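Next up, some structures in structure tokens.
Next, two complexes with chain A in common: one pairs it with chain B, the other with chain C.
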Partner chain A sequence: MEADKKSPAPWVRITSDDGFTFIVQRKVALASQILAASLNEDSNFSESHSNACNIPYRGAVVEKVVEYLSFKAQFQEPKPNEDIPDFQERIPPEIALELLMAADYLDT
Partner chain B sequence: MPVRSLSELALRSILLHLDGLNSLGTIPYRLAKPILMQCQPEQLMEIERNSPHLKVDDQEIWEELCVKRFDIQRDKEGYPTPKSWRKYYHVALAREKQLEEEAGLRIRSKYQALEAQKQERRLVFTAANVPPMKRARTNGWGKNPAPKTLYEKARSETMRKAGLFAAAKPFPPGPSRTATSPPAGTNIIPTLRRPPAGTSQINLTKPMHIPRAPSEKSIFSPSSPTSPISIKLSETKQAGSPPRPIPHVPPANALFIPKHKSLSQLPSRVRS
Partner chain C sequence: MRRPGANAVRGPASALTSFLREQGIEAGPISAYSRRRVNQAQNEENQGEPDAEVHEEETPGAGPSSAVPSPTPATRTRKRKRAGEYDSDDLDEDEEATSSPSKKKATATEKAKAKAKAKAAAQAKKKARGDGDYEDDDDDDEDEYSALSKSTASKPVAAAKPSIGSFENCANCSKKFTVTRYTPAASPPPGYLCHDCAKASGTDPFKKPAPKQQRKGRQDKRKIVNYEEKDRVDTLAQLCIRVVTKHIEDVEALGDISSHNVDMISKIMAKNRRLTSSIATLFYDVNNTTLALYDCTSLLPDGLCTLASLNPNLTSLRLDYVGRMNDAVLAHWSTHLKSLTHVDLLGPFNIKSSAWINFFRKMHRPLEKFAVTQSPRFDLTCLEALVARSATSLVELRLGEVGQLCDAWLDPIACFTRLTRLNLAYPATSLSDEGLIELLSSIGERLTHLDISGHDEVGDLAFETGIGPHAKKLVELRARDLVLLTDEGIAKFFGADGPSDETSENEKEEAQTRAMVVPPLEVIDLSRAPHLSSNALTALLAHSGSVLRELHINGWKDADNESLLGIGERAPNLTRVDLGWCRAADDWVVKALVEGPAGTRGVLEEVGCFGCNKITTACPRKRGIVLRGIEVGA
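Then we have the complex of A and B:
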């Protein structure tokens, strides 16, 4: 259990406004500055203790956000021969507005 | 940063589908600004109506629209700022439309005046009183010949009558004539007067003495000087006067009488 306390949990929980829960790897959550700050061990936020964050938007929007965070975490350090796929085409226009707001909220 | 931010991607997506946008929900102005900058005035109005909180801050957008649309020149101190650019936009738009309409009206009236002027000079074809063309009647087959003038009518009438006179019996009839006088009932021509001598100017041919059958008297056969057709029988009583040579004028229907007697179809002439 001490090992758990020392090393941060590898998985974190991200919840949405309408009750959806997404369990992601820590590094994925850290792709967002805000999430990283709230999950930071040094901060006293409750999120860091519980390893759970809430994003105050609909489940559909949060799902897309999490998808983006995975995408970003994967391609953050570019390997020389790798082609980075375009995330633009994965954004449906119906949620674009809320996605904009969520992205602004998460500063990502 | 090789990967684009989610904000940027989302904004791009919105701008791509700007046409369908009519509300920005609860988006704060600072996020909405780049979207609103791209909107048309009508769309902007609708978005403001649906998301009124944006109205507070969007003067700068209207300002931009006005400057672009109405070509407001910026002088040294900048241009005068109306209280509400939005209002300014609508007023200026209405004024522009009115000017356009007036100009259109002016042009239309000028054009109509020009047209009226042209119309005056144009030839107008009326249906009435078109004088007949000179060549209208010359038809090769002789159909519808030109109507006879009064002079022509008088001339032809006179000639016809002259022809009849020429065919009348002479005055007075000779004694040989009385022998062959027909019964009184065979007078066919009620009035046939002798023309005075010398008036006839038509072909003078030798008077013909033709033996005439009493029952076959025809009006148009050239009557011999011996035929007592005239009603004036009193004249026949005179005796002794020699038969005056009557100039023979072919009667009006001379066309129908063959020139050569042997070809005539008249019973009197057959086998003559």
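Then we have the complex of A and C:
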């Protein structure tokens, strides 16, 4: 991926513990409080310089986290009568507990 | 104008009226009523001589605007009118009239005369104006409402449109034409236009009348938004918890989790306040020896009994917020948890003392740790039952915020021969110095952890002659909110030499032995002792600085900058320090803390500095050290 030199870059790289990489729109990453804080330009964390964040869980969990973040980014400010699909159906029970810990870590 | 100046008698007047009068402002000229009166007077004058003559004849010099002392017809009528309604402009004068009876009497006949005159004048006026047909004795003619009605005033009166099919002469070309529904009215009103003239005038005769403007969004307007739904997207944690709840019966579907993660998930559930009976089964296991649930608010007594049944091998149990726990639960535990030795409960309000006593008696094994916080029904008999069963086994005792704690409890506590950790913080009534000293003299030598926070009658004496000589193994001392402590007393406790610096060898030795009385402490919490300051801090650092891991001196407002700088220099192993409300703490103090003593590897993790106004956002920071409480924009 070509790192965009413009600040802030429109794309952000999210990596998992076991080496999976997800490239998402910045808006999507900002749906998480923790990622938003670490990507904040003013905070001066290495994440904000490299536009890359590590979520310390395995790929399957991080994938679901990213899926949720894009879901949240899309429906964060819904129109009054817009129907929001149920994300719960998309969570496989076998990763629910790990996902719960990741969600707690990310404050989402 | 209305009120002649010669009349010097005045009744009570409102503050506003008298103020206005002082300023020379009279309500008369500005009131709508009097304006109308003046206008009328002018009209009367304009309307001709007869009126004026009548005035001259009948009431010489008594026109509406005359300055004769006697009440004028105008005033009379006004007064009459006032019987029915109030005119704010005239309130005071009304009072004048009514509140001075003598004057009233004097003028009664005058008034009668004037009344007759006024009537005559009014009638004459009417006649002069030519509206004699309007005979009304009511004198209210001045007030008659003469404005045209809105509908008649604004719209020119249009004659009804001739019926469709009839013949009419065109207003423009005078040709006869048949009236249709499209026949327009001529634009200077009288008459109608024929088709040709209508076309020539440029108006489209077939133009439909403009459709009525429909009010848009009426439906929406009526919809009242009682609450706005925010955050309609659930958090991922909530969703996950729901998934877990749904599949709780099928534990295998949820996969394996390590014991470390179990505790973590327990905390997350508590944080989300979702720890219900069904979710709690997630943490149950026959092989469990320890269990900690951090928020049992949603666990009903049945759930707590289930807990005991499903975890029969527990040795250590910690439950927070167990407000719903009752006597039956405790009875169930005592029979089902056969290995239980460590109990830690927060908020078991509903347990009666008889239940505690039964629990202690029926336990299969004597307790090693008994820790309760906030249990108002725990009383002396309960403690005695605990002593009877666990006197030689109990290692840790916490009776935090137990309302009935008093000096009488200290003798039973002294019976615990293996006690190393004792917490008697925040009782309803403080223990006394003497009681505490006696307790420490018997069990002090084994204590490693002591918490006597919130005993507001405990002072220096308990430290000097209680803790000092007896607590020889102490590692952690927590004593928050001890308001009686003095700077000198604590300085002495930590082995300071006292005010004189000239110390002989003997004194030095003495100081040293005194300092050796208490070993260097690793954790010191003397927060919110308002009299402690520089001397105590300096002595404390000299005594324990080398091993100090945690230091809480929140609220030592008088500690000076120099002594605070000493923390960084003399406490190399400090991981946590709370400087809150130490007013003299500034960026230099933080710098000393962050950098640590020269040549040492800093292990500092957290600095609390709430209420330290001199610490700014520009203070030095270091990776891994959390600074809490810096005021932004201070």
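The criterion applied here is as follows: the second predicted complex is superposed on the first by the 100 of 108 C-alpha atoms of A that agree within 3 Å, B and C clash if a C-alpha of one lies under 4 Å from a C-alpha of the other, contacts with A are read in each partner's own complex, and residues count from 1 in each chain.
Rule of thumb we're sticking to: a residue touches a chain if its C-beta (ideal position, glycine included) is under 8 Å from a C-beta of that chain, and two chains touch if they have at least 3 such contacts.
Keep in mind it's a predicted model, so treat the numbers as computed, not measured.
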Fit or clash between chain C and chain B when superposed on chain A: clash
First (chain B), second (chain C), both or neither touched by A:Leu99: both
Partner chain in contact with A:Asp42 - chain B first, chain C second, else both or neither: neither
Chain B versus chain C as contact partner of A:Asp83, first or second or both or neither: neither
Residue range of chain C overlapping chain B upon superposition on chain A, of 148-156, 310-318 or 598-606: 310-318
Set of chain A residues, in rising order, touched by both chain B and chain C: 65, 68, 71-72, 75-76, 78, 84, 87-88, 91, 93, 96-104, 106, 108
Residues of chain A defined as touching chain C within the complex: 65, 68, 71-72, 75-76, 78, 84, 87-88, 91, 93-104, 106, 108
Complex contact set, residues of chain B against chain A: 2-7, 9-14, 16-17, 20, 24-27, 31
Of all residues in chain A, those that touch chain B in their complex: 65, 68, 71-72, 75-76, 78, 84, 87-88, 91, 93, 96-104, 106, 108
Chain A partner contacts - residues on chain C that touch it in the complex: 232-237, 239-244, 246-247, 250, 253-255, 257, 261, 264-265, 268, 271
